[in-house]
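Got some structures for you, see below.
Each of the next two complexes has subunit A plus one more chain, namely subunit B in the first and subunit C in the second.
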Partner chain A sequence: MERVLQIENLCTEFKTERGMLKAVDGVSFEVREGEMLGIVGESGCGKSVTSQSILRLYDEKSFVRYTGDVRFHDESLLALSEKQMESVRGAKISMVFQDALSSLNPVFTVGDQIMEAILIHQKRTKAEAKEQAIEMLNLVGIPDPGRRFHQYPFELSGGMRQRVMIAVALACHPQLLIADEPTTALDVTIQAQIMDLIVDMNKRLGMAVMLITHDLAVVAETCDRLIVMYLGQIVEEGRVEDIFDHPMHPYTMGLMNSIPKLDTAKATRLYQINGTVPLLNQIPVGCRFAPRCPYATDLCREEMPELSQVSETQGVRCHYRNGRNGGFVQERLEYEAG
Partner chain B sequence: MQKFIVRRLLSVIPVLFVVSVVIFTLLKMVPGSPAATLLGDLATADDIAKLEEKMGLNRPLVEQYFIWIGNMFHGDFGISTAGGEPVASVVFSHVKPTISLALYALIIASVIAIPMGMLAAKNKGTGIDHGVTVLSLAGISLPSFLFGLFLMLIFAVKLHFFPVSGYVEISRGLWPHIKSLTLPAVALGFMNAALMMRMTRSAMLEVLGSDYIRMAKAKGVRNFVITTKHALRNSLVTIITMIGQSAVQMLAGAAVIESLFAIPGLGQLMVNSIGRRDYYVIQAIVLLIALFNVLINMLVDLLYGVADPRVRAT
Partner chain C sequence: MLGTNGSEGAMTYTAAQNDLSLQKKKLAQEQFEIRLKKFTHNRASVFGLAVVTLVIVLAVFAPLIALHDPLAMNTADRLKGISAEHWFGTDNMGRDVFARVLYGARISLTVGFTVGLVSGFLGLVIGLYASTNKLADNILMRVCDGLKAIPSTLLAITMMAVLGADIKNVIISLIVVNIPNMARLARSQALVVKEQTYIEAMRCLGSSQKRILWAHIVPNILSPMIVQMTFVFASAIITEAALSFLGAGVPAPAPSWGNILKEGKDVIYTAWWMILFPGVFTALTVLGLNLLGDGVRDLMDPKSN
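Let's turn to the complex of A and B:
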């Protein structure tokens, strides 16, 4: 399958009062045509920063520095001028965000906001754009789109707003949709509907989707491939079924063990990964996960492991991957998880 | 929207009622009778009592209040004790220059402040931002009469662009009218622009950091359009509030600038009337300023509704 997006050694650094902080550190991956790629990790792992770096959404004048390469087909996005970048955003690569209420402009109607995207990127008259916008509302499953067109975001329900945001993002038929936790702010039932919609759009429009989430269950149901990020780096990547069957990185295992299961007895405590994600100015020297890893050794604390392929489709960043260096005992983790 | 307007208009009535009661009470609490002031030092107690009866000052307070209100509805605000002219015509002749000056100054202030505030917010932390901040600090700290004097010295005395002082009625031509008001309007407007600039900057900064600005950028909207359309529209409520406040301030408190440039406006009349203890004029001016205040606030509220659909809905 052809690559839509290829990221190589991407680093995103922010200028702060405490110096440059690297939120994304040497991330490389690709998104293939029509696939659904999941990116998971705790808050503060650089998932959102990675996705917003692709569209270069941060203020470049004083705030951020990107290095590495982001290629959309054969075009290097980091080398484009701001003007050229504008014609990529929303037209070729689109993005939907977590909270639709705050992400839709409160003072413009839903219709205006969809039309704006169309009028920027496509040569349409206002009437044509309006027609197209109503079509989009219909496509994302909004009943009575003609009436909704004239309503403001605050007049719609949460699920409806999320659909509107998807309509805005898809208005110009992008080849890649980046969905940054699109269901986090929604009710569980609405979450399922929105995920169904995204999967449906992926299938129907043949559009690649990069799904950023911390919900592994959603990834298991919808994605083809999975990337696990920790503290600005990829720690494991591969096909969803491979990783779910044989997670190789202790962090991935920890995430999976943290999912509550129906057959667990009520009295057992839910598994948790000890500690929290360190701040960006306190990045450990060796393996970044070492301070929280139940199997960490001196080797882990001193030397940073590389991301290495363990099979044709799976890569892991761990000294003890696949039983190497003696390996760690998976049973022990499962035992500890109860 | 119509319901919203009607509701706002109706809510003006109780406010004005309260204001009128307060003004009436305050003036009744001032020691000494207007009749005594009117008659001067040589008047006998008998004369004063006679005049008080003629003026209705010996009636019960409530009755006096309603007579006062009733007269006002007929356009009768009393007679100025200083010149013997009806208060209404005295005040009216002084309102026109003040309104002209305030409008002019407001336009100058907005034209300077809003774009500069936007520019500073857009370029936060850069030289442009610091420049604007210094300029606005200068505007806030420089006393308006001093700034006015500088303007007068440079543009009137040295360069002869504008008259040094004095006021030309609009009936004698628009251009001379504008010319006579330019220096005072710049002086008055610059002061207000300083504050407006800072408010615009902070309002814009808050909006520029919000999710829908990021969304607009992700949609491919140009930076310039993001600032002027998406961000400005959302900062409008703050900016409208600021302009409203400035307008009230200019209408009520331009006495210093008016005196400096010899413009026969409300502020000057107010100061002079207080000196002359011309109670009826003071009463009328205070009421008028209160009315301006209420009307401008109402207008501001209506404009909120135009700027933000969420206000309209509530």
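Let's turn to the complex of A and C:
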């Protein structure tokens, strides 16, 4: 399949009073045509920054420095001018945010906001744009789109608003949709509906989706491939089945073990990964996960492991990926059994 | 290209479209009715609107309502009390106080309205510019701080001293005095709105910075600006009266409320009507504008419906 987006060694650094902080550090991956790619990790691991870096949403004059390469088809996005970037945003790559409640401008009607996207990027008359906007509302499953078109965001429910956001994002038929925790602010039944809608759009429009989430269950159900991020780096990547079948990185294993299971005995403490994500100015020298890793050795604390392939479809950033020294694999098996 | 339910969808929205303009009209009508109801429900703001309208009508039709020329002196009729001929009495030069108060309303309203509108607009532009550019922000806001450090009446008097006594200069100096507040309000509101997710969402859609600023940020900060403008309108009337009272405002024969008060001050024990009527008019107009401003604030907030 053809690549839609290819990211090579992307670094995103923020200028702060305490110097440059690297929120994304050497991330490389690709998104293929029509696929659903999941990116998971705890808060602060750089998943949102990665996605916002793709669209270059941060203020580059004073705030942020990007290095590496982000290629959309054959176009290097980091080399584009702001003006050229504007013609990419919304038309070729769109984004849906976590907080649907505040993602719509309160002083404009729903229809105005969908029309805005169309009028910016496509040469349409207002009447055509309106027709197209109503078509979009219909497409994302909003009943009575003709009436909804004239309503203000505060007149819609949370789930409706997220549907409208998706309609806005898809109005110009982008080739890539970045969904940054699109369901976090919604209740469980609505979450399922919105995810179904995104999957449906992915299938029907053949549009690639980058799904950023911390919900592994959602990833398991919807995505083709998965990237696990920790502290600005990719620690594991691969096909969803492979990673769920045999996670190789202790962090991924930790995340999976953190999902409570229905058959867990009541008295059992829920699993947790010890410690918290370190601040960006306190990044450990060796493996970034070492301070929280139950299997860490001196090697881990001194030397940063590379991300390397363990099979054709799975890569992991761990010194003990191949069970070198035996200990890790053995322990891992014991751990899974217990 | 939109997939399987295209034909079914097409039917839905053609049907919807026939109904669209009608629905839009109905919705707008409903919205308007709700808002009107809300406004009329608030008695204070209705009172404010009534007072302000009355003063405006009196000012506009002053030549028809007042029987006398506000500038015509009649030394025989000096300091006469209330009568059928002179409803508000006469002043120390025998001029009709009623006519002077009505013509004074023209001056006060002109000054207040112009100052509110112009300082609001300039404040908006300055505030928006400051919100987008750090260096400009620092410079503009320090200038505003400097202007705000000086008491506004004092600053206005100083400017009048430099510019010379003229109604045009009263307006200019009051605009200068009021810009810092408006600019600060616009800037702070713009900074809040700028951080909202929907602005980021608009950037994600490919809106240019300029478009985001004018088409998305401005409508969101307009309602506090308009409310603030009504208050500036009111305070400009007071400051203008104060300036005239101090002799640094509209030059003498012109019948501004402040001028009438100033002339009445020397004869306050013999001719109370010279103080009472312009004073009451000033107070009522300002009160009316403030109440109206409150009503407008409630009206402008789309979420409060």
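Just so it is clear, the second predicted complex is superposed on the first by the 326 of 338 C-alpha atoms of A that agree within 3 Å, B and C clash if a C-alpha of one lies under 4 Å from a C-alpha of the other, contacts with A are read in each partner's own complex, and residues count from 1 in each chain.
Following the convention adopted for this analysis, a contact is a pair of C-beta atoms (placed from the backbone, for glycine too) under 8 Å apart; a residue touches a chain by one contact, two chains touch by 3 or more.
Owing to the predicted nature of the structure, the values given are computational and were not obtained by experimental measurement.
K.L.:
Determine, for the superposed arrangement built on subunit A, whether subunit B and subunit C clash or fit.
P.N.:
After superposition on subunit A, which the two structures share, subunit B runs into subunit C.
K.L.:
Considering only touches as defined above, state whether A:150 meets subunit B (first), subunit C (second), both or neither.
P.N.:
It touches subunit C, and subunit B stays clear.
K.L.:
Quick one: is A:241 in contact with subunit B, with subunit C, with both, or with neither? Answer first, second, both or neither.
P.N.:
After superposition on chain A, A:241 lies in contact with neither partner.
K.L.:
Is A:60 touching the first partner subunit B, the second partner subunit C, both, or neither of them?
P.N.:
neither
K.L.:
Counting only touches as set out at the top, which of subunit B and subunit C does A:75 meet: first, second, both, neither?
P.N.:
The answer is neither, since A:75 touches no partner chain.
K.L.:
Given the superposition on chain A, which partner contacts more residues in subunit A: subunit B or subunit C?
P.N.:
More residues of subunit A are touched by C.
K.L.:
Looking at the overlay, does A:131 come into contact with subunit B only (first), subunit C only (second), both, or neither?
P.N.:
Only subunit C is touched by A:131; subunit B is not.
K.L.:
Would you sort A:196 into first (subunit B), second (subunit C), both or neither based on which partner it touches?
P.N.:
The answer is neither, since A:196 touches no partner chain.
K.L.:
Quick check on the output: what are the common subunit A residues between the subunit B footprint and the subunit C footprint?
P.N.:
In the superposed arrangement, which is not itself an observed complex, subunit A uses residues 55, 57, 62, 82, 86-91, 94-95, 97, 99, 102-108, 116-117, 120-121, 152, 154, 165, 168-169 for both subunit B and subunit C.
K.L.:
For subunit C, which residues count as touching subunit A in their complex?
P.N.:
Per the touch definition, subunit C meets subunit A at residues 1-4, 9, 12-13, 15-17, 19-20, 23-24, 27, 134, 196-209, 211, 216, 219-220, 302-303.
K.L.:
Contact residues on subunit A for subunit C in the complex?
P.N.:
Residues of subunit A touching subunit C: 55, 57, 62, 82-83, 86-91, 94-95, 97, 99, 102-108, 116-117, 120-121, 131, 134-135, 138-139, 144-147, 149-152, 154, 165, 168-169, 173, 204-205.
K.L.:
In the complex formed with subunit B, which residues of subunit A make contact?
P.N.:
Where subunit A meets subunit B, its residues are 52, 55, 57, 61-62, 82, 86-91, 94-95, 97, 99, 102-108, 116-117, 120-121, 152, 154-155, 165, 168-169.
K.L.:
Under the stated contact criterion, what part of subunit B meets subunit A in this complex?
P.N.:
For this pair, the touching residues of subunit B are 123-126, 210-212, 214-223, 230, 233-234, 307-310, 313.
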